[in-house]
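Both complexes shown next keep subunit A, but they swap its partner, so subunit B is in the first and subunit C is in the second.
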Partner chain A sequence: METYFSAELTDFKTLYNVLKAITFKEYATLRPMEEGLKVTIEEMKCVETSAYIPVQMFESYYVRPQEDVKFKLSLKILTETLFIYGDDGNLSLKMTYKGPGFPLCLIIKHNDENITVDCQIYTMDVDESTDFLCLADECTLNKVVVNANQFLDILTDLDNTSDDLDLFLSPNPPYFRISTTSTMGESQTDISKNSEMVLLFQCENEFQAKYSFNYIKQILKVMNFANKVSISTGETGLLGLQLLINEDAKQMYVEYYITSMFEDDR
Partner chain B sequence: MRFRALLVDNAAMKDLLSTVNSLSKLSKDCVMRIVSRKVYFIIPDEDTGPRKPLAWCELPVNFYFKEFNLDGVSQEYNEIYLCFATAMLAKSLSTVKQNAKSLKIKLTNKQTPCLTLEIELASNEGLQNRQLVHDIPVEIIARKNWNDFAEPQFNDFHVSIEMPHLKPIKNIVERMKNMSHSLIVSANNFGRLSLQIKTNMVNLSAHFTNLGIQSFAVGQDNESTVGDGSANESIVTATIDIKKFLMFLTGMQLNHCRTTCSIVHGKMVKLASEQVGALSLQCFFTELSN
Partner chain C sequence: MECIIPGENIKVLSRIINALSKIGDDIYLEAKTDCLCLKSVNMTTTAYCTINLYEIFFTTYEAGQIGNDVLSCRLPMKGILGVFKSHGHKDKKPEFCKIVLKQSDSKIIFKFRYKHDVSVVRSLYLNDGDIIDVVYDRTKVVNYIGASAEVFAQVLMNFQMSDEDMSIEVTSEKALIRNYIAGESSISKGIRSQISLMPAEFSNYRINTETNVTFSLKGFRAAVHFAETYRLSLLINFEETGRPALIEIKNPTFDINFIIATLKRDNASQSSLSSTVHLTRKRNATQYNFNEPIDTEKNDNGVGNDIDDVVPQSPESPRSKKIKSIFGRCYDATFRREAIDLGKVLASDSDPDSD
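And then the complex of A and B:
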């Protein structure tokens, strides 16, 4: 029988770090596509995080053509398995997925120590109702690209006790404003479009929406590994963050989408 | 009952410290058995009903001690059994890391029975010679309870196989512990040791190959034979508590030790580390009952 998906990878330290940082929930959907492997975690239908590992990251990569391959598994188990040798280097990994009903098989070799780990992670079928919308197509309203390090600093410096985070984008000053409100007080951070950390600023109409800060915090961990963050918004208040993670010449992406909170009539 | 021992070699003191440190990671309390030629440290297994040792450590007297005087409970039984907090001994001994000239260990009676350590530190950089005295309260174990701490004897191992480097194993078992409670240890007659976990989510095994086989009992009725023509593979397996196994691997910071893994099929696993002439440590892991 022809396998649905197989891939080989030698250095997967970054992949491990990224997957570990986005393990907010136990289960994730893996979707091997022709362009690369996509790992998606969805929560309460309002937050969706995907790590996208392009084909170029792999030593070899095969996915059965004309087949929508996707399966669900425990991301926690997958990350633990990728870290099986701890920080020891010089590993090689081979993944195979034979098809629905079969486990995802991993073979991880330690090339210095003559150890082989083989692992079958049982898979589940993906619930058909959670069909993937192309969220990237929805977030077309505005686009701001910022330096990840500095943006992360700003987000971590925000009032931690605040429940929500207010985002305001405008073609005129203050351009990009992040505000929080809590019992401690209110805070506002303005980022000018001429700031050094802003690499691109596209905004034609004013945009304002409120998001749950607790959800936003989830993404901070993986932002540590990112170089650039692209912020885009959609008409319904959908916020998309795209994180670009550079490793040597190879690139990985993490996409994060969150729906806005309902405005209460104050 | 009298006991007095003297160490003057700093390297031997440090060896003793590292052994006690390792033991203190395995258990809160330990039993020290003193006989005329050997000192034993015995770690009782806390959860088994009839007490069976979890770890058994043997130190030959002549490697460590310059002087060693023992008057046991009686002439017939020239032995002493003491019980105390392992961490306390480890902490008291830790001062030998400095430049200790001598270490005296004796059994004293100061309100309660105590193991008294007298450490003499050499002078360095303006400090005078100093003497440190540590009293570790101990409980003397009565003669009638000695049987609880008898050396476990197993001579029906189906396999004894050399263990690879402990450090990568420790990493692997640490990850496995996060996914499962039990560990399946198995070895085959071609020198392959496998550590495996099985849960409803995952089936993961790590294989170590080309290991030296010290003994392999053939013709066991419980062996599973994979018949593929010329080479017949027999496998011996036991399922044990992963936490205890990891505890042993974390505690084992002893250098220059050779470790052997022995398995009684479906019954138990023994890990034995030995530094010839200086130390032998055995850990016993019994089969998990489902």
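And then the complex of A and C:
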């Protein structure tokens, strides 16, 4: 029988770091596509995180054509397996998935020591209800690209006792404002569109929405590895963060979508 | 009150606030005409610290005083620590910080301006409460010793992190600094350290009455650590056992006055201590040649309970005696074999599977 999906890659340290940083929930959906592998974690139907590993990252990559391959597995176990040799370098990984009902087979080879670990992770079928809407198409209202490091500094400096975070975008000053309110006090951070950390600023109409700060905090861990962050918003208040992670000349992406909180005065 | 702090002083202020956080849970802010005064007092009111930031600490400073009332407020330490927590490290140093406090307002506003067109405005809600003030009579100070923070930091290095108090015993010839371990049960577990310093090691040394003061290390550590960062010196002023001590740190732009309570002892234990002290001093003098220019004299393992020991045992505080007389039964053994008959099983385990 022909396999549904197989891929090989060497030096998956960045992949491991990214996958570990986005393990907010135990189970993730893996979706090998023509363009690359997509790992998605969804929570309460209001937060969705995906990591894209483009084909270019792999040494070899095969996915059965004309087939919508997707399966669910424990991301925790997957990341633990990838860390089986600890921090030691020069590893290579081979993944094979024969099809529905079969486990995901991993062969991890330590090239220096000539040790091979063969492991199988049981997979599950994906619930049919989980449709993959293209969330990127929804976030078309505004787009701001910022330097990840400086943006991370700003987010970590916010009052972390606050429950929610208010985002305000405007074509006029203050351009980009993040506000928090807690029992201690209030905070307001303004980033001008002329700031050197802002690489692109596209905003035609004012936009305001409130998000749960706890959900925003989840993304901070993986932002450590990112170079650039693209912030886009949608009509319904959907916030999309696209993180660009550069590894040598290769790139991988993490997408994070979060729905806004309901507000009474709307 | 409205003031602007230049970038390089924001780090100083954030260190000051960090040091103050070792003392109390609240910060009191007072806008005097010539300086901004930060105060903190601990819960048991045994440590009290005032910091005066003079006009030259700021780019601009306006007290905005109305009449004779000094504008003042009380802020939760946790909140202000959050505001100043990370400024100064990484590459995003703020260019300036503006602090605004309005008369009869419920909040204080901090505005930070960063170099790459980013500004942060933080407002903190004020706490209710009156301004505290501790009066310290400087004229009663009979003894003072002063040295650079490094000297004190070296002394502190000889103590364990678990040590809570230290005592300074001064005579006109030398100063003995040792850790203080309260209670008698600690003889077995504690490491006694004693550092003997000659007057020449201090920048200021004036002892009019020989005395021995004991105070908490927590605040002192914070003060020494802060002073060390800016290579400042500390001046410890004190009177006698049981009277508060004043630690001063001075800089042209700010000064720190830290008043700390010293341990009071009952007369009996005090006199017994002084007899041991005399003994040990004589012994020390024969054993070591103090005329040599040595940095610190350290005895790290003077553990023992006999009077001949080099480091005298910390005198028992009257409080621990009192505690033992009031809570006497707490010190009794809680398990008495004769009270329990282990030989006979009155009821077998209801669930034999569980352990």
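We adopt the following convention: the second predicted complex is superposed on the first by the 264 of 266 C-alpha atoms of A that agree within 3 Å, B and C clash if a C-alpha of one lies under 4 Å from a C-alpha of the other, contacts with A are read in each partner's own complex, and residues count from 1 in each chain.
Just so it is clear, contacts are C-beta pairs under 8 Å (C-beta built on N, C-alpha and C of every residue); 3 or more make two chains touch, one makes a residue touch a chain.
Note that the coordinates shown come from a computational prediction; the quantities given were computed from them, not determined experimentally.
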item	value
Contacts of A:Leu244 with subunit B and subunit C, given as first, second, both or neither	neither
Partner chain(s) touched by A:Val69 [first = subunit B, second = subunit C, both, neither]	neither
Partner chain(s) touched by A:Val117 [first = subunit B, second = subunit C, both, neither]	first
Partner chain(s) touched by A:Ile154 [first = subunit B, second = subunit C, both, neither]	second
Which of subunit B and subunit C A:Glu186 touches, first, second, both or neither	second
Contacts of A:Ile107 with subunit B and subunit C, given as first, second, both or neither	neither
First, second, both or neither for A:Glu196, with subunit B first and subunit C second	second
Touched partner set for A:Val55, first subunit B, second subunit C, both or neither	neither
Residues on subunit C engaged by subunit A in the complex (per definition of touch)	76, 78-79, 82, 85-86, 90, 92, 107, 116-125
Subunit A partner contacts - residues on subunit B that touch it in the complex	164-165, 168, 171-172, 174-175, 178-179, 200-210
Subunit A residues within the subunit B interface of the complex	73-74, 77, 80-81, 83-86, 88, 103, 110, 113-122
Subunit C-touching residues of subunit A, taken from the complex the two chains share	150, 153-154, 156-157, 159-161, 183-192, 194-197
